[in-house]
Amino acid sequence: MDAPKAGSLPGILFDHARRARIGLPEAVFCEGKTREALLALLRRFPRGSGEAILFTRLAPDIFAAMPEDVRSGYDYDPVSRTAFGDRMPERAGASVAVVSAGAADAPVAREAARTLLYLGIPHTLFEDCGVAGLWRLTERLPEINAHSAVIAVAGLEGALASVLGGLTPLPVFAVPTSVGYGVARDGAAALTGMLASCAPGVAVLNIDNGYGGACAAARVVNLA
Amino acid sequence: MDAPKAGSLPGILFDHARRARIGLPEAVFCEGKTREALLALLRRFPRGSGEAILFTRLAPDIFAAMPEDVRSGYDYDPVSRTAFGDRMPERAGASVAVVSAGAADAPVAREAARTLLYLGIPHTLFEDCGVAGLWRLTERLPEINAHSAVIAVAGLEGALASVLGGLTPLPVFAVPTSVGYGVARDGAAALTGMLASCAPGVAVLNIDNGYGGACAAARVVNLA
Amino acid sequence: MDAPKAGSLPGILFDHARRARIGLPEAVFCEGKTREALLALLRRFPRGSGEAILFTRLAPDIFAAMPEDVRSGYDYDPVSRTAFGDRMPERAGASVAVVSAGAADAPVAREAARTLLYLGIPHTLFEDCGVAGLWRLTERLPEINAHSAVIAVAGLEGALASVLGGLTPLPVFAVPTSVGYGVARDGAAALTGMLASCAPGVAVLNIDNGYGGACAAARVVNLA
Amino acid sequence: MDAPKAGSLPGILFDHARRARIGLPEAVFCEGKTREALLALLRRFPRGSGEAILFTRLAPDIFAAMPEDVRSGYDYDPVSRTAFGDRMPERAGASVAVVSAGAADAPVAREAARTLLYLGIPHTLFEDCGVAGLWRLTERLPEINAHSAVIAVAGLEGALASVLGGLTPLPVFAVPTSVGYGVARDGAAALTGMLASCAPGVAVLNIDNGYGGACAAARVVNLA
Amino acid sequence: MDAPKAGSLPGILFDHARRARIGLPEAVFCEGKTREALLALLRRFPRGSGEAILFTRLAPDIFAAMPEDVRSGYDYDPVSRTAFGDRMPERAGASVAVVSAGAADAPVAREAARTLLYLGIPHTLFEDCGVAGLWRLTERLPEINAHSAVIAVAGLEGALASVLGGLTPLPVFAVPTSVGYGVARDGAAALTGMLASCAPGVAVLNIDNGYGGACAAARVVNLA
Amino acid sequence: MDAPKAGSLPGILFDHARRARIGLPEAVFCEGKTREALLALLRRFPRGSGEAILFTRLAPDIFAAMPEDVRSGYDYDPVSRTAFGDRMPERAGASVAVVSAGAADAPVAREAARTLLYLGIPHTLFEDCGVAGLWRLTERLPEINAHSAVIAVAGLEGALASVLGGLTPLPVFAVPTSVGYGVARDGAAALTGMLASCAPGVAVLNIDNGYGGACAAARVVNLA
Amino acid sequence: MDAPKAGSLPGILFDHARRARIGLPEAVFCEGKTREALLALLRRFPRGSGEAILFTRLAPDIFAAMPEDVRSGYDYDPVSRTAFGDRMPERAGASVAVVSAGAADAPVAREAARTLLYLGIPHTLFEDCGVAGLWRLTERLPEINAHSAVIAVAGLEGALASVLGGLTPLPVFAVPTSVGYGVARDGAAALTGMLASCAPGVAVLNIDNGYGGACAAARVVNLA
Amino acid sequence: MDAPKAGSLPGILFDHARRARIGLPEAVFCEGKTREALLALLRRFPRGSGEAILFTRLAPDIFAAMPEDVRSGYDYDPVSRTAFGDRMPERAGASVAVVSAGAADAPVAREAARTLLYLGIPHTLFEDCGVAGLWRLTERLPEINAHSAVIAVAGLEGALASVLGGLTPLPVFAVPTSVGYGVARDGAAALTGMLASCAPGVAVLNIDNGYGGACAAARVVNLA
């Protein structure tokens, strides 16, 4: 009988073939991992390691508590809570618009933007375009439509996805956020609102899944 | 021991003082009542009875099966499923706009309109203004804003309430409808979307409660 | 005061500009509409009318009860419950794979396929690829990967989306179906399973929304 | 490719036209914003800045940690967690009654009252009127009815809204609170109870949305 | 291997000792049982059989379709959908008040009353006491308080339980009903409202469980 | 472009290798399949066809409407709604106890029993052992414990699983049923109660999944 | 316009007439009240103040942080988190059994016991009687049955209520607790299990509402 | 009247007969117990005490704060949060495979493994076999199939259970974990996905219940 040694780190089998298989490398979701496990992983993939790995949901206080030599090997952004050492080669061509409803959606919108940065995909961030002031969206519509896919990030009732879906011919990937309280708490209202959208062909990701929105858009961009 | 006689009609205590107390007469919600109970009530309040009582959720097949002499005492509308014999005196002045997102919302939007008609309150019905085609709403905005209150009726994600709430200074009473399927089934997505609206001061009624939307607007109109 | 005449049809404002704006024409969702309303609409857009309109959720018994001269103007499929008179011009190029988990998912998978047919977009239907027998999916993977987007249709726990998302680089649009009972009733388990997928970038549509899956894929195909 | 600089503040587009459009200025919802973002905003709109902006959900410990010179520019109330520098001109005329069920509802009731104060709208606060002791409400009814709208704030089962709705002819805006535990936790019981009210025309805001209740009442008062 | 013969009736083990053990005889819940199973049971316990068994949720059309000789052995009430042949001996002393909010609650209120009748417990039925017209309850309060326990039956938001619980010293057994639509559909709002009641010591039964309310009251009366 | 011919039957890929792979042959879930699809399947696997296929959820009225020559090829049980032509060879040895709480659980308990019969696994059915009369379970405990696995079938609160789990050392597979109303409607209370059981090691199947309970027990029996 | 002074304590209207009206004095629910508000209340009702007020949900760390002279005026129990200065006169006669399933239910069971102590009602506490070991309950049944009412306190699936309800003729007030995780988290499984109990006449209180269970039992005891 | 002394420890009745009755000894669930109660229990069952008791959900910081002499009597693992002094005798023969989807599932997978270790049951741990990279599971399948039962541990959508259930003939006990966010938060998506599995006979435990998964497998192993 050989149970794991008490306190040993969980076994991890990196799916290095994933990039070849689906065009997207494996990422490390940091929430819920112990400091020890994260440190071991961060030591493994710094800048220059030759393997481009994205760390998501890496909280600022946890990253700040890592040794200086580990931190210095990473490009870290505290708003999106993302880090990477190496990143994938930048490419020209098809680009992605990330549109968010309000300032409170920034962590998710920027997780999407940072993931695109890491994947080497050109993109533009359009923040604070919520529909309570329609002009904020309609004024920027021509610029948004110049991209190849849109990631629409919104909390509360998530109406941005419906309005945008009715105005743009691009693929729309809607990311509900956990911004709000009461019935909007934890993103439930935005999620159901986006799934029930009256605009045709709006596709939806999990709540706060900016990373997923970027991967969905990358699948489109990768087609080209 | 005196249990009710088997099969006897439920006792009803009409709250005739309600109109004096809150400005709104008692109404009869017909769903779930037996044909016998409805017949007894319809015989009691026909045109000319001197008491203006509104019947809501009175299904077309049930009304059609009532005796001809009973039916002839009522103004019945099958879309809204409402009936009344007498109605309250028409008044001039403050009026109400009823705005709906799609054709499928007609039963609820028209329940609101018919309730206003019964209450003697001037009103206009704006149908099929859903936000997937924004121009349908914005083109009619000046006409809508000429009223004193708006009832916004929508199913699916209910984004009409947010967009309208950001465009009009009037009191907005949002009525979610049970139009939709999947996460929108039974009106759940519209209800939470309207409650979570990013537009300030949008107040919400129960799902499919066109009658309640009209009563809420009537409370505003009655102030004048 | 001008309430709508009792029993009159709901006002409909067709958003004819939608196709120009977003590349997808307006469709008619038939569920919940009265026979009268449907008849009026079907009389308006038969084959040769010059306007290509798709009718979805048009139940077989309701279509069968329409006058023969109306029915003969339409291409109707009872499994998907879709009808159209004219359809949009067929185009060559980018195509879509529709993959479903089981025979019970046919109404939704075929709603997607028929919508693509109506939109003139080439597509292939892969039925009964559920993961309880993995070989049914893996054997057909090369053929699936020859398309430009995948629509993954599944009920129960919806695991097809996760497995497929881990095997294909294409954009994946997952459509949960209301196939199942108990916790899977009404598609709730498939919906949450697809949203929570461990495969990156799987985007999700509302439950049973085959039409939406096709529109989302069409937005990708329209890019080309 | 120009992703936002790592750690930069979210872009904010103030909707300064909102007041002209709907009679209600834009407000800042502070929950979830970083200290840095709040500080930047507070520095922008102090007393004398010429722009009246309301800050809601501004926690006492966060406000207390702001620099003294920033705090001194604001009128801050720790119970309602609201702050404003300038406020809108006081006006005479139509006034609002804020009625709450229990002492624990004070943060929400006072958010409503403070929002009205900020908007320049006359109002009176009636606290601890829960229906377990009916006399607490009925004794104050005449005074309540002397206003033009009522905001009814209650947690637990929220029965205050139904009882009040049956006693007053005024517009009633019901605000459920997250006071309670078990089935009442997070305000769910009060929310559904208020939406399902047996009193006609009671309109409901999101849980704990005292600000929204005040805005809804302001829309009524603004009509005059 | 001895599987039950295909189509055989389910085995039933009557718990005849229950009355001795807990003072309440076993009852037959008819919903979901086949006509064959019900017929066999009805043939077993008619008037004069010496065993007093209560049948609940016995739908009128199902009872009407039973043979005349079976029906004649039972006291059947179509409103409450209850039947019994023999009943337990009437007793003097402690009695129960059954108070309901509206006419639509009659099936549940009368199930409670009929169960008490069957158990031989004196009781009075007070119908249509909903709190939208408080006088309907307060006028009858002295008469209600002359009993030993109260069963409060209400749908919608169920506020009757809170108001009554604050006015009477008696044990209060609250029975939510599935009367209502939207958030009140299936009794969910009434159930949570009653459980969250601000009045102390209100105890709650399952939705539509008039039988259970009567049994709970019987446990109190049986103490005497 | 080759869409399926309008109205064609869904493609089915039978997973004939399943029995070799996991010891359980593929079954046909009939709910939601059209009459045409079912007829085609029933024609394919009658007694003597050499392939033992189980049909579950085959409603009595649907089976009765099949041609006589089709029906005569099947062993059909209307209570469990199951049918099979050939069945797997009976085997001696490890057997299974199916224990149910009440008569209303019969369809599910018998689906489990019939599935075991079809799989050739010895079993005994213990009906009406609900815990409101504990003696009904404890008296039969020794007989139950003489088997190798227990399937515990119960609706309402499902307490049978906890009590049985505390009394037997056997593997316990708990199957919640949709028996009940109010909070127990659709089996939700039984499901969560069984999952939250205070007895250790009670494993749970989906609501009404008697077939799954039998398959889980078969996996245990197949070990021997 | 007279808004409450910023930071002032919420107004409280004590319902001193409650005891005369319903036999139960008003209590103070401490959760969510500020330290300042609690201190003011504790200063008002210490031992010898002549008014017996119960404080519930008064957390140990909050009580410990009160001034010594305030604490010394109260009988405080940290397990149940209850405090009182004076209490109501002890009375002889009818008594209450408090039965709990496990050690983790102690805070709730003891809140019930302490409330009874405060009300002057004789009672006995039976802890750790969960049904996974039935003998723990059945052995103590005769002693339990010597009381006049039972409060059954349990978390997880709450099966204790069903088993006890089938064994005792006494009024049973079931109090679900938030003991458990997964589907039992926050008491949801226990609540629905108790409401769906197969034992007749088990009445249920809100989750963790030991105080309510005691009040419900007190209403029974007060009858004598 | 003898209420428990204020602050006394909850009474605990150990069910020492449980092991004889069902083959599984009683365990101590530590979450929610006070430090004092845990200390008393830990002092009672250290290594050499002669009674093998498992402590589950014993948080590292709580264990670390126990006196050194107490800690030294236990084998403690911080990942699984389990401790035991003595353990049950190791036995040869039937063994269990514990398969987990990702590194974040380690606490639950290892709670299962440690429980098996404590019970003396041979087992192997297969970590990081999530289906987004199918090869991680299929490569290890032969080794997994060499055991007598499988515990499948997964969060997110829990698809591992379906894929594994379609590949192995062994009894499969699926344990959903609370790994994930949005719709997967708290394990809800994994739980429903596993219950709705398209693979036959997959039985499910409560969310995060690694202990329960081990006990279920032990019931199978104990048969031998």
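For reference, chains read A, B, C, D, E, F, G and H in written order, and residue numbers begin at 1 within each chain.
Following the convention adopted for this analysis, contacts are C-beta pairs under 8 Å (C-beta built on N, C-alpha and C of every residue); 3 or more make two chains touch, one makes a residue touch a chain.
Predicted, not measured: the structure shown is a model, and the values here were computed from it.
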Selected interface, A-B versus C-F, where C-beta contact pairs are more numerous:
A-B
Identify which chain pair among E-G, E-F or D-E reproduces the interface of A-D, meaning that over half of its contact pairs, matched by residue number, are the same.
E-F
For chain B and chain D, what's the span in angstrom between their mean Cα positions?
28
Quick check: how many Å separate the C-alpha centres of chain B and chain G?
44
With chain centres taken as the means of their Cα atoms, state the distance from chain B to chain E in Å.
33
Please set out, as single numbers or ranges, the residues of chain G touching at least two other chains.
18, 132-133, 165-167, 182-184, 191, 195-196, 199-200, 206
Residues of chain B that touch chain D when the two form their complex:
18, 21-24, 27, 148, 165-173, 191, 195-196, 199-206, 211-212, 214-220, 222-223
So in the complex, which bits of chain H are touching chain C?
101-102, 130-134, 156-159, 162-163, 165-167, 180, 182-184, 188-200
Residues of chain G touching chain D in the complex
1-4, 6-8, 10-13, 15, 17-18, 26, 29, 31-33, 37, 176, 178, 186-187, 191, 206-209
Enumerate the contact residues on chain G facing chain H in the complex.
75-79, 90, 103-106, 109-110, 113-114, 116-117, 121-125, 127-129, 132-133, 135-136, 179, 181-185
